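Here come two complexes built around chain A, the first alongside chain B, the second alongside chain C.
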Partner chain A sequence: MKIVDQLREGDKRAAAKLISMIEDDDPGATAALAEIFPHTGKAHIVGLTGPPGVGKSSLINRLVREYRERSKKVGVVAVDPTSPFTGGAVLGDRIRMADTGSDPGVFIRSMATRGHSGGLALATFDAVKVLDAYGMDIVFVETVGAGQSEVDIASRAHTTVVVQMPQSGDSVQALKAGILEIGDIYVVNKMDLGGGDTMASNLDFMLEERQGWRPPVVQTAALDGRGTKELADALTKHYRFLKRGPLWRGREADRARKELFESMRHLLAETFSDDTAGIGFEETVGAIVARKTDPRTAARKLLKGLKLPR
Partner chain B sequence: MKIVDQLREGDKRAAAKLISMIEDDDPGATAALAEIFPHTGKAHIVGLTGPPGVGKSSLINRLVREYRERSKKVGVVAVDPTSPFTGGAVLGDRIRMADTGSDPGVFIRSMATRGHSGGLALATFDAVKVLDAYGMDIVFVETVGAGQSEVDIASRAHTTVVVQMPQSGDSVQALKAGILEIGDIYVVNKMDLGGGDTMASNLDFMLEERQGWRPPVVQTAALDGRGTKELADALTKHYRFLKRGPLWRGREADRARKELFESMRHLLAETFSDDTAGIGFEETVGAIVARKTDPRTAARKLLKGLKLPR
Partner chain C sequence: MPKKIRILIAKPGLDGHDRGAKVVARALRDAGMEVIYTGLRQTPEDIVEAAIQEDVDAIGLSSLSGAHMALLPEVVKLLRKRKAADILVAAGGIIPDEDVRKLKKAGIKAVFGPGTPLAEIVEFFRSAAQ
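For the complex of A and B:
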């Protein structure tokens, strides 16, 4: 496809257009993604998560500049609906974005949270693939810490960064359940607020080595750029640890398995949403509601009679 | 099946055994669930969610007694690994459970968080079905507010109760993102701690009417039982609102659709986990990792060649 050639030649508008096609469920997107796929797997994919207002976007903004100084190409995909990248300023704190217009080595994009049938996680990681094939060295996925998408994204990135900020009171209690398990790197941002040292050492105390990696706690202040270099170094260190270690193959397979199941689900949803094909999906739903059949028996029957479109 | 007959005759041990079979992925469970299904749909299913330590179990304990006084049969399925129902005491605060041994009108069960291939949400709602068919009037699903399972469970219950407790500082900021969207009823528990009035009125201020229902805020203190009756009344009110309103049919269909897709996913996972059948699932995973095929193309191929076992 022409758009794929343009993307591979470094045409930034081709990247933007392809991601829009993904968001719009454009049929051409599927073909393009298949063509792109062999060119992916080169970028370091970093998931960055944390509650709203913690300064994730400012932090990424600093990281973008840092990576450009290191002559690395960097992409950002924001899934957080409150992210300044999407236009919504948090706490009135508008940040000045790294110049993204003219520099082909930077691409920042926020994903619409509605509209694609495959789910946000699928669309997001399709966008990441576009940036990967475009030639980015590192791609950040920014997500707000809220439920399913957060967990999905953590399980798909190579490196998950959990961002927190200093808190009054007992910071241990305030940590969301499960947060200590998902991060490869922890960041205490807004160190300028004070109280960050305590939080950082509390965090450090609670974190344990998992599979040979002990998550470091990096202290940053996106406001003045403090800690940005240290965070970038920690990211590189974790990526090298993964690539050179025994975990890489297993994680790649896990990711592939997950994506395979998600694609199947997407394909099934697509198939069954077209009820004119006489598949009787909505009829089956009605039979379940009326307790005439149970979901398992119905699922088996639907899969047995499955005829994929096209 | 004999076990289903026993369950329908009010044999509590049959209920316990069936839920264990579900947890253990026992092949007999599928058949039993199909047989049970026509007898379900009578219980009011209530999801109860909130952070650890907020007093969900004590609150449910109070509700169990309240419903027994109202001559209603009540079931509890706890998914929270930190729940006292599962044996783990929160903050050293062991609670005295409602007497569940001899009373056939009460059944309390905690679900193991590992071991069943269909995922916790599927197993949990299969357990709910068992209690529904057993004849319970109301079934509570207790879940800790942590990610995917919480969202899943909220989307499957008739009524979702979000439990919070008074907090120091700005209680608005401390609310987890998305929490204002999922609840049908909000509870400020531990009113005896003080500061609960402010929290309740803040919450009340933020909540909006959705589809004809404005979520009420109920103030409780599980310690002395304050507010238990009001909460039970609010639950009844919401159930009646749903059943008599225009939303019921649509919600039932949504639930059926969701369960149908989950069952399909489960069936696919089951099929593909048996690689001796020559389906080549792991081979496909390897091809994706090697970038020889992309997940969508592979998903289509696998679904086209699908042969369900048995």
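For the complex of A and C:
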């Protein structure tokens, strides 16, 4: 495909257009993704998650500059929520990343969560693949870590960074399910606020070694850049640990398993939301409303005669 | 899935008055569009770079500093240079009538002064994306 050739030649616009095709579920996206897939798998994918306002974008801005100084090309996919009522979104993560300006070695893309039928993670990581094939050495994925889908995205990265800040709840907050289990690296940002030392040592006390990796707690202040270097070093260390250790193959298989499953679910969802498949979806809805059948039985029946879209 | 309309709202130049830009961003969001808001003090280069990376259909520039003649046509020029002239540019803010004509001549598709109904701006961007 022409767009893939352009992307491989370093055409920024082609990369941006391809991400839009993925987001819009354009029919050409599947073929393009198939073509770029052999060129992926080279970038270090880092997921950053944490509550809104904790400083994820500012931290990424610092990291982008740090990695540029280390002569690495950097991609960013920043995910913000779509309004469930209007379908619109205001994507503001670029505000905090403004000083990367027009550096040719940086590509930042804002994504809205939209109503992705096959799961948000699928579209997000397809966008990551575009940046990977485009030649980025490291790609950051930023999500608001408030719900299951965001945790899912973060955990799909090679390295997951959980960002916290001081004065945001006692040590029991950190015990809540998910937080302590998903991070490979923990960051206490906004150290300039005070109270960060307590937060960091509380976190550190509760973290345990998992499969040979003890998650470090890195203290940062994105405001003045404190701790950026240490965080970048921790990221590199974790990537090396994975790549050289016994976990790599298993993790890759996990990721492939999830993506395959999600792609199947996406195909199914597409089939159903697009009633041209002629499987009698709407008629079945009517039958359920009329109590002539129930959803579980009807689902089995519909899936039996299923024809997938081309 | 129908193609989503994506709009970049940016403030070139040095004034810090972004209320207008935010009101417009919100109106476009409520009309179901995806608005990438890049914040204050952007150079024309930054704006064009962001527009390309974000693959937007159009750019809305807010200017209240009086520097519009220096900054706005530059955005159009840079878009042409980057072969992205299909991305339309509109402006809003305090812009004298005699400058409006000059800006339009320089390739700014629309200029929205104070008091423009939001519906009119939404409609402009909707048709710009077609």
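The definition used in the following text is that the second predicted complex is superposed on the first by the 261 of 310 C-alpha atoms of A that agree within 3 Å, B and C clash if a C-alpha of one lies under 4 Å from a C-alpha of the other, contacts with A are read in each partner's own complex, and residues count from 1 in each chain.
To be clear about the criterion, contacts are C-beta pairs under 8 Å (C-beta built on N, C-alpha and C of every residue); 3 or more make two chains touch, one makes a residue touch a chain.
All figures in this text were calculated on a predicted structure; none of them were measured in a lab.
With both structures placed on the common chain, the touch criterion links A:Asp25 to chain C but leaves chain B unconnected. In the superposed model, A:Leu33 makes contact with chain B only, not with chain C.
In the superposed model, B is the one of chain B and chain C that contacts more residues of chain A. In the superposition on chain A, contact of A:Arg291 is made with chain B only, not with chain C.
Look at A:Leu247: by the touch rule set out above, it reaches neither chain B nor chain C. In the superposition on chain A, A:Lys17 contacts chain C only, with no contact to chain B.
In the superposed model, A:Leu267 makes contact with chain B only, not with chain C. In the superposition on chain A, contact of A:Ser102 is made with chain C only, not with chain B.
Chain A residues in contact with chain B (one complex) as well as with chain C (other complex) do not exist.
Listed in rising order, the residues of chain A touching chain C in the complex are 12-13, 16-17, 19-20, 23-26, 82-83, 86-92, 94-95, 98, 101-102, 107-110, 112, 114. Within the complex formed with chain A, the chain B residues making contact are 30, 33-34, 37-41, 51-53, 144-148, 150-152, 168-169, 173-174, 176-178, 249, 252-253, 256-257, 259-269, 284-286, 288-289, 291-300, 302-304, 306, 308.
Chain C contributes residues 1-4, 6, 25-26, 28-39, 41-43, 45-46, 48-50, 52-55, 82-84 to its touches with chain A in the complex.
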